[in-house]
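Paired with subunit B in one complex and with subunit C in the other, subunit A is shared by the two complexes that follow.
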Partner chain A sequence: MHLSWLTLLFLVPTLCVGMPSTTLCVDDVRGTGDLGVVVERATGSVLIVETTTHTRLAKIQGLGDLSHASVVFSRDQRYAYIFGRDGGLTKLDMLRCEIVKRVMQAGNSVGGAISQDGRLVAVSNYTPGGVKVFDAATLELLADIPTQGSKVVGLVDAPGQRFVFSLFDAGEIWVADMHSPRSPKIIKFKEIGKQPYDALISPDGRYYIAGLFGEDGLARLDLWNGEVQRILPNYGKGDIKKPVYKMPHLEGWAMAGDYTFVPAIGQYAVLVVDGQRIPVHGQPVFVIARPDGRHVWVNFAFPHNDTVQVIDVMAMEIIKTLKPGKAVLHMEFTPRGEEVWVSVRDDDQIKVYDTETFAEVATLPADKPSGIFFTARAHKIGL
Partner chain B sequence: MTCIAKFNLFLLPAVSAEEISPERQSDLLHLLRHDCGACHGMTLKGGLGPPLLPESLAKYPKAFLRQTILLGRPGTAMPPWQAFLTQAEAEWLLEQLLKGIDDNAP
Partner chain C sequence: MHLSWLTLLFLVPTLCVGMPSTTLCVDDVRGTGDLGVVVERATGSVLIVETTTHTRLAKIQGLGDLSHASVVFSRDQRYAYIFGRDGGLTKLDMLRCEIVKRVMQAGNSVGGAISQDGRLVAVSNYTPGGVKVFDAATLELLADIPTQGSKVVGLVDAPGQRFVFSLFDAGEIWVADMHSPRSPKIIKFKEIGKQPYDALISPDGRYYIAGLFGEDGLARLDLWNGEVQRILPNYGKGDIKKPVYKMPHLEGWAMAGDYTFVPAIGQYAVLVVDGQRIPVHGQPVFVIARPDGRHVWVNFAFPHNDTVQVIDVMAMEIIKTLKPGKAVLHMEFTPRGEEVWVSVRDDDQIKVYDTETFAEVATLPADKPSGIFFTARAHKIGL
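And now, the complex of A and B:
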């Protein structure tokens, strides 16, 4: 059974299974602005979903190891680029529900980004480290940026046709100018802090912030003037750190009003960059602002991963605690934030909540869902 | 997939199977793949944490590996798991790791 299943995947790498309500995979005319991709981490498959109707439109199989997978979109919002853990980079046509191209570009990778002009896709790697840059149309390899074995994390696009990323082992931030895609110009910022584990960029593309695992604080690079500053340098001083059972993710920019929210490391707290500290249920993993910035949603690491909490930014306190189910891995807001989709891995479900009333408005089956990515990301810097 | 998992469990050494119920064994494997896998990769080939494949672990003494699971490794991202695992469970997981875990187990 095991063999035949694998053989099937091998022989039919672009198997596309239409769901009952599907209008995709046929020649119907439609837009893609309310589509999304849900990663099914254990089965190497993704779902194409539609946010307006809360439906699954198709399931695409044969994408390899999708544990810790992430997705970026082409600027026409038709193609999804899926970065797999096993180093696989897959270009998916969401209208035809088929894999256009798939390359194995490294042994072990963690994420990727699409360039300002939409023509380049970059992938960051753990093994053998480094960043590879591909032609977004053909997935032809254009540039290989080695990092001397250092694992690369927090890869994002930045204005000026740049990619910015952090070196976990070396404690550096590198900025790659990609105006000449085959010969990138690299600027290195050294000694930015110990073990940057992930990073994000502000929506205007000015600030790149790397979270540090090896010491307190975050490193902030101002891309306007090239200055690196330490922020929140003393937030954990004197505290006994709690064990971290899952690394937090810095994704998007939890910027709400004048505040920026980040997960603490080894503390059950969300930190506000002005120095405030909001106690929460566990070690935060994702801290994401609703698109309007009024609320910040937080999920947690094992063993508190059955819970989601909502912080009201005016009151700076938790106003809602939800229990979506066992192992909440990710949350994605609809483009203007009236709903949020929550992946619940061990319940094999996506739950959709109304973000005003916190009522559950829909449930979709999904096989060990992890990341949820909506096409609105196509037009946002850093996503 | 379920039948594959049961088949695998059937092959486990009798001594461990007596101490740890099949349900718990299944929970432990789930924990290994999905929660340890958050850093070490779902297929245990490594991520931010090092690979946990038999060939990568073979060079370390068993006692060191057991300690690492239960007490963590200060100065690294490896947390202590003793709040969630008994000594016997850590031992059993270690045995599975040293033998190699079937990628298709649930």
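And now, the complex of A and C:
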């Protein structure tokens, strides 16, 4: 029996994680509240990371075209759903470090969402347009919502088991009630503005705000009463528009305290919905509030994408300018905001900063990193 | 070798969770985002539960006096820290279903908090007063903050690695900067009002609001600029005070959209900080906003503690009255608010409701349940 006991002890750690298909990322039971996924866009791979001691746990290959990829998480924070640009939808087990299921759901997708109850995953498509809804457990297709060829953007989940999204070409916002997953009820809001190109939902899930590319301004849908309002209708008027190298990401919009901070398209400015305008270093891409709302972090489009600036919300001015490195693509705060992870694509690095002192506390190697997503998103409406 | 393989396969599930000291609650790796702890006050035990399929995973015994017990979670959501009335501080491993460490830290404690970075756990004490700060990993005592015999209430974590708490007898609010855990820097705000008896911090961590028992009104500390203001100074004036059977829990205060809902002491009313007053069924104890802020749920003190009422925030009126059973003590929403768990002490039950239809979706047996705490709290400031 002595040999068998050695065998036993030797094999247990592997068996505990079910012989993962790649590197062994979890050699024992562990919590999943401090996990995250980093997209490596050029190589179609992702890193599984943890934020407590800033480590890489595993690298997962074979996820296809991950340019403009995004990630949502299961409500137990064990599984990540990764939406690739090529229409690939991948369910990743972050504890076993393996791909559970992967489907190619359309030719060209740009984002996804998970339902309030965690049982449905929705994917929006550029080509051929439309939204597809899958069973989060099996990735079985449950519903296909056509949009008459219109590109779908700004897909988010909303309270009441709903998905909300915008039709770029049609200039409409649609709300899909998914209580019956195979027969969604669609409410359409028409003529909300020209060419909605992205959108976000307020942290409480009440306001859905779409940015308009075809005109100045934003369209705001109040999901409590169904009213659509135009906000910031003339924010670009009179400004000489610079060429737009990169569209801002609206899911990055910052709602801090009583203010909403918006990246101005083609301008070197962050706009506050109350009308204030804060000049910044370049064309903002992500404008993200620290979880406590005291600071707002901003990164920029080429040629200023080596820089990050920090706005103090009380002073309404820039208090810090950082130079993380070449091509800063994304920033993600730890759930309580004590640190922020920054992806620096062309330096093949993730840099972690203390958000109070702005000191660099860790650096992790990553292959052309873009999006960073932490599992705390599982508990948040619209993320 | 054949026998040894049988032995191996038989033993693996147990070994994977390290031979838990009680029932086997996790027979494989699993996520921790959908876990929770239910306090069984009369028996000094807690239940580990999961909210995805409404099941009990384990019952843990031997936690001492759990009347008025509260719970916080480690940032990886694997460990629960349980604060008992007898001063016991227990660190529970929710995956191995076992007590990792337990210390008796004072004669009489009423609450605790975990620091922004998850590395410190603080406990506030009635007798002999003061706050003790422990290493979250080892429960080693790092700091002891005396309060000259004053009862400490309303202890919360705040951004910037701070703890904030109130001194009942001295009428002060103290802010402890814990960047150097063994030598906290204390800032004292004096004469904030008579007998602060509990407090909460706004979800963004900016405002610390203490309820005053010695006078009408609340004291609000703005942690961004250090200003203390009095709010609702005369909310009780002119009302015939009814005997107060139970003090409201201020951590239950609801901040929904632009409104803050407050339980009135000794009155059958919920107060809105803008001045509105909503008559309710009895003396409110917990006034808690659904995560999307559209509804506020209220439970009541004896003799009306068989009832729960739901306020619609847009209509500012009660839209539903539920009768869950005898002695409704606490309510906890799932992170995205689709369901709420309600503890019904004298029926020895946890009832789970769909928050949209108000249908009862599950019932779990529990031995005199009181507080219910879900792991999503790990990611929230002040919880």
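Everything below uses one rule, namely that the second predicted complex is superposed on the first by the 354 of 383 C-alpha atoms of A that agree within 3 Å, B and C clash if a C-alpha of one lies under 4 Å from a C-alpha of the other, contacts with A are read in each partner's own complex, and residues count from 1 in each chain.
Everything below uses one rule, namely that a contact is a pair of C-beta atoms (placed from the backbone, for glycine too) under 8 Å apart; a residue touches a chain by one contact, two chains touch by 3 or more.
As the structure is a computational prediction, the values presented were derived from the model and not from experiment.
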- Message: In the overlaid three-chain picture, which partner chain does A:292 touch, first (subunit B) or second (subunit C), both, or neither?
- Response: second
- Could you tell me if A:31 is touching subunit B, subunit C, both of them or neither one (first, second, both, neither)? second
- Now for A:279: first (subunit B), second (subunit C), both, or neither, which partner does it touch? neither
- Would you sort A:365 into first (subunit B), second (subunit C), both or neither based on which partner it touches? neither
- Message: Tell me the contact category for A:161 with respect to subunit B and subunit C: first, second, both or neither.
- Response: second
- Item | If touched residues of subunit A are counted for subunit B and for subunit C, the larger one | C
- Taking the superposition as given, does A:41 touch the first partner, subunit B, the second, subunit C, both, or neither? first
- Query: Now for A:378: first (subunit B), second (subunit C), both, or neither, which partner does it touch?
  - Reply: second
- Message: One more residue to check, A:151. First (subunit B), second (subunit C), both or neither?
- Response: first
- Note on the structure: Overlap of the subunit B and subunit C interfaces on subunit A comprises residues 1, 5
- Task: Mind listing the subunit C positions that touch subunit A in their complex?
- Result: 1, 3-5, 7-8, 11-12, 15-18, 26, 28-34, 50-52, 73-79, 95-96, 116-118, 159-161, 204-206, 224-225, 256-257, 291-294, 314, 334-338, 356, 375-376, 378-381
- Which of the residues in subunit B come into contact with subunit A in the complex? 3-4, 30, 33-35, 37-39, 41-43, 45-48, 72, 77, 79-80, 84, 104, 106
- The residues of subunit A that touch subunit B in their complex are 1-2, 5, 41-42, 65, 67-68, 85-86, 107-108, 110, 126-127, 151, 153, 168, 195, 197, 213, 243-247, 302-303, 327, 345-346, 368
